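First chain A sits with chain B, and in the next complex the same chain sits with chain C.
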Partner chain A sequence: MFRSVLRTSTVRAAFAPRIATFSTSRIIANSISHKVSKGSHVYKYLEEGPKSVKYTAEHEWLASFADESGFVGITQYASEALGDVTFVELPEVGDRVEIGDTIGSVESVKSASEIYSPVAGEIVAVNTALESEPSLINTDPIGEGWIAHIKYDDASAVEASEELLSEEDYDASLEEH
Partner chain B sequence: MFRVANKKFYSTASTLLKTPLHEAHIELGGKMVPYAGFEMPVLYKDQSHIESHNWVRSKVGLFDVSHMLQHRIEGKDAQALLQKITPIDLDLLPAFTSSLSVLLNEQGGVIDDCIITRHGDESFYMVTNAGCREKDVNFIKSEAKNFSNLTHEPFEGTLLAVQGPKAQELLQKFTNEDLSKLYFGQTKFLKLSPINATVHVARSGYTGEDGFELSIPSSTPEESKQSLEFFRTLLNEFPDIVKPIGLAARDSLRLEAGMCLYGHELDETITPIEAALTWLIPKTRREQNNGFNGSSKILAQIKDKTLFSKRRIGVTSKGPSPRDGNKIFSEDGTEIGYITSGSPSPTLGGNVAQAYIDKKAKIGSNIKIEIRGKLRDGVVAKLPFVPSKFHKA
Partner chain C sequence: MLSLLRRQLFKSPIVRNQILQQCCISNVQVPFQDDLSAADNDDFNLGDFQHYKESDDIIAMKLELANPTFHNDKEKVVPKPIEAQKENSPFCNELSEVVGIKEPMVFVSKLTNPYLNLAVEDYIYNQMPKPEDPSTNYNRLMFYINSPCVVIGKNQNPWKEVNLPLLNSLHIPLIRRRSGGGTVVHDQGNVNYSFMTTKERFDRFTFANIIKDAVNASNQSKYQLEVNDRGDITTTTQEDGINYKISGSAYKLSKGKSYHHGTMLLNSRLDILGKLLSRDETKLGVVDATNSISSVKSKVTNLEIDSQTFIDAITSGFKESYGLAEEINRGELSLEEQEALEQNELLGLGDFIEANSNSRFARVVTVDDATVLPDAVNQMADELKSWGWRYGGTPKFTHQLSNDKFGFKVKFIVGKGAILEGFELEFIGNESKLISEKKITESFKYLEAFIKNNKLEYTGSNVAGFITNDFISDWVGESIDGTI
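Right after this comes the complex of A and B.
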């Protein structure tokens, strides 16, 4: 996510929505959690919990399970940077997605950001609770605020991916800010 | 993208200008962003965008707008200059009243919007946008060459907008002057108790709420310090009604109030007639050969409405919000316009937007807005979305 979908034209020096969301990083970086919240639908999807949780440089998380599927959402960092989420656009169950495809968008009053699929596969479920309660992205971004559940085309490719970051590496990438 | 832009911010931060209130923004946990060459607060710690927005609609918010440029225009020819570069009729403007107007180019396009206040027979005060600073100054200087007897002096200082239903209650604590007698569009030089310098107080604003804009002299370190202390005093002593408000809520408030943001609703290719600002050209300036820039085109558009095809209007919708640049289509699929600003409306729910749409599309008609590759339903709506609550006589 966070390739901003707002078009900025030449004379529009006025507002810089992308930049606006960034400056929170220093304030919030210390208290941030990247863990899937226990008790959430995501955590309890399979009894043994997620096999691994990885992150993208664009602030999505991916919780992978033993049945070669995973849940996607946006990180707490991204959620705090966006502010009050007012609307979430979800993909459709049955959609086929490639890595980098848009699978939805998250909007605040100020801006809209697209969410990109970190994996190739098929959307097997979407979090319809976000339609009536978009603020779940603020209150529990890595848990009840999940966006899509994707059945992987190739689970070993997901495991071997160099694009996906470990918790440690993702955290370090936030520090660089 | 997120990371790239972030780095850019930090590398340029050191070259950004700071307003006299900058120190207080940092103390208040302001999230600072580059804006028109200044480092300005977009939001403050412990307030979400929606909370800030609603606070101004129910209490009082303080906006640092010191980045905007102030001008003194004085001399025998001052009125003639202003009536050449804007369509205002200053004979209709008594001393210590102000009016919105527009700086116009020869083609009738808008160089900037501005507020002009008369201070005397030959003395005017004007405020223009921060983002147009250099362009405006060059434009005014070059236009001023056609007049022999005037001075134009751009200056900076602390400009503080005090906006919201409790704005008068708050400021009244600092002056013996009865502020209920100062109506929308009027201004006054006042003493606000802890400040030694005389403050220019204008009853105006950019939120649709009642409010004031204070111009506090800040040309010496001592004056700047006093304006900073005044800002802190308002916040520290009246925390139940006052909060600092950043650029994020400033934008959503003015959008709901149907007000233009230069660079979005206004630019040099758009005439005030297309921008639904015909009211800025008083009847007395609608005769032929009136001599303001672009008057032939603008007066022709007033007389013959077939000479322009689009006009600024509102749009409402549900679901994903329309944003600047989204295309608008009629129900039969014809492209009829584009969005210039849009966001979810904290006051009303749903989305509100301003747009330029073919003027044949009537208020209430259904339209389609292309957002992220898909056509979404919208309705043409009248502006403003939230009625203004100005303190009028």
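Right after this comes the complex of A and C.
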């Protein structure tokens, strides 16, 4: 149902890569926000706020900060498509990750969904609040529902990455479906 | 490679066998099916049933009785595994050669080792090619039947979900799968299906509806089925007002791919299923695992059709929905293959075959003991077998055992990787204690000292081994998992 609503749209971004959307529950979303919520730990991590927020084709978001680190979570679109999150598997602090490595998983309504790292680096913090309150992924996916904080190996590579989408491109890719 | 496959497709009894009476060696002959009463469970070493297998001679004799035409001269020239002869699908020599084929495909596993089946499923899933455009599909459907085992969801706690002492006494393996959801029991009366597609096409209802429609249309089962709003396949409402669940499903989503797999209760031993999943907390302790996924208990029943009928019906449903529309191009066939086709036509069987085959086509590949499995499958099976995955994958929890006779409670604190991190003793006000508080505390000293500096995996025998009082030690080991 969700998909067909989105499919009727004719908006198309010229350069956005094709993104696989998926719908595991029957929700109708009126509006989907891709912004980091203002009051959250992520937003307040550094005084000046995130330097940039980017998105992946697998529906992760990455909020980058001036200290060459970033927070990763899943987008509101993914959170709504998955339904009520009942368990979050977190990575270990100190783990080394490469682009595309699995850094955890989210379980919702009997489905286990893998989360992939959009960057290379080291896990410097994980959101342990999700252990007792996994529903934060539903209530505030791009904010208090962050999953891991990663120190980048190469911040300029993150900056230049073509795999990471801007808010406009990510949004357009969703509308495409 | 392709031509090899095609040749197998036609050389193997696919065409002929569609005409021949299907002869099924069903699980009806296994004692697990009929011959054991509920009383057997604990008293008669029921674990042995999982090793029960009819000898090849008996199987061969049955086949011959049922269908002597199998033993014509042609069959004798190319001997095949006996079970192969009843199949109407090509056998797969090397799994790695077929998993990447860019067509919708059906895999039927004849393996019964649950670790291998789950590893093969994972491998087929990982190797499934991604379609280049949305109008094509390379969907996979796999069937497998496991020897008895208990399968927990990815993020579950086996101490909480399963009666581990009973499981261990029956030598039934505990398996942790990679998809979410709750605990299920597999046995030879249960067929597992696995439907794999893209992440984009994933939803919880599509394949459940295909199964429902296929079973209902077959008119073979005891019940008509429906799909509820959770995506569960149940019976229609019965006279007692209950919609009995016959299938437990679970899902996994990964990069660009997804699968929906599930159990289908056809002729399972539901009494054993119930016993393995129920635990008496007064004896086995209270497991507090608020962070892990709890199973939802449902009333279940058997569909009561044989497994081959079920597999055939769902395969047809899959072909109708996802099969290729085009006919196989005869120009590409070898001389031998064309001869095979012509021979059928000469015998006037062409129409018969056509009338009985689907209008859409999907390759059906059988995986059996003779199939060469890639190393990746064996590695995955080893990983699934490891204690670190099966038990160590449990989110942290506590397990409190209580003993009125000894007058105390012990709460074990179990951390990541199911490593024992600590314990708390609590004495229950009881005058007539068998063992004094001092002696109880003393008997745990060695355990306390050991876990301070060492990683102790939380098993009954590990923990019991460090408790110095034999009575307490035996009781703790029995309660944790029945190993002492």
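The criterion applied here is as follows: the second predicted complex is superposed on the first by the 148 of 177 C-alpha atoms of A that agree within 3 Å, B and C clash if a C-alpha of one lies under 4 Å from a C-alpha of the other, contacts with A are read in each partner's own complex, and residues count from 1 in each chain.
FYI, contacts are C-beta pairs under 8 Å (C-beta built on N, C-alpha and C of every residue); 3 or more make two chains touch, one makes a residue touch a chain.
Since this is a predicted model, take the numbers as computed values, not measurements.
Chemist: Pick one for A:84: touches chain B only (first), chain C only (second), both, or neither.
Modeler: first
Chemist: In the superposed model, which partner reaches more residues of chain A, chain B or chain C?
Modeler: For chain A, the partner with the higher number of touched residues is B.
Chemist: With the two complexes superposed on chain A, say which partner A:52 touches: chain B (first), chain C (second), both, or neither.
Modeler: In the superposition, A:52 touches no partner, neither chain B nor chain C.
Chemist: With the two structures laid over each other on chain A, which partner does A:108 touch: chain B (first), chain C (second), both, or neither?
Modeler: A:108: touches chain B and chain C.
Chemist: Between chain B and chain C, whom does A:161 touch in the aligned arrangement: first, second, both, or neither?
Modeler: After superposing on A, A:161 lies clear of both chain B and chain C.
Chemist: When the two structures are overlaid on chain A, which partner does A:135 contact: first (chain B), second (chain C), both, or neither?
Modeler: neither
Chemist: According to the stated criteria, A:116 is in contact with first (chain B), second (chain C), both, or neither; which is it?
Modeler: It touches chain C, and chain B stays clear.
Chemist: Between chain B (first) and chain C (second), which does A:37 come into contact with in this model arrangement: first, second, both, or neither?
Modeler: It touches nothing on chain B or chain C.
Chemist: Check chain A for residues that touch chain B in one structure and chain C in the other, and list them.
Modeler: 20-25, 58, 86-87, 89, 105, 107-112, 114, 177
Chemist: Which chain A residues qualify as touching chain B in the complex?
Modeler: For chain A paired with chain B, touching residues are 2-9, 11-16, 18-25, 27, 57-59, 78, 81, 83-84, 86-87, 89, 102, 105, 107-112, 114, 173, 176-177.
Chemist: Of all residues in chain B, which touch chain A in the complex?
Modeler: Touch residues, chain B against chain A: 1-3, 5-10, 29, 31-36, 42-43, 45, 48-50, 53, 131, 247-248, 251-252, 261-264, 267-268, 319-321, 323-325, 343-344, 346, 372.
Chemist: For the complex, give me every residue of chain C touching chain A.
Modeler: Interface residues on the chain C side: 153-155, 178-182, 198-204, 230, 249-256, 258, 290-293, 395.
Chemist: Which residues of chain A touch chain C in the complex?
Modeler: Touch residues, chain A against chain C: 20-25, 58, 86-87, 89, 100, 105, 107-114, 116, 131-132, 177.
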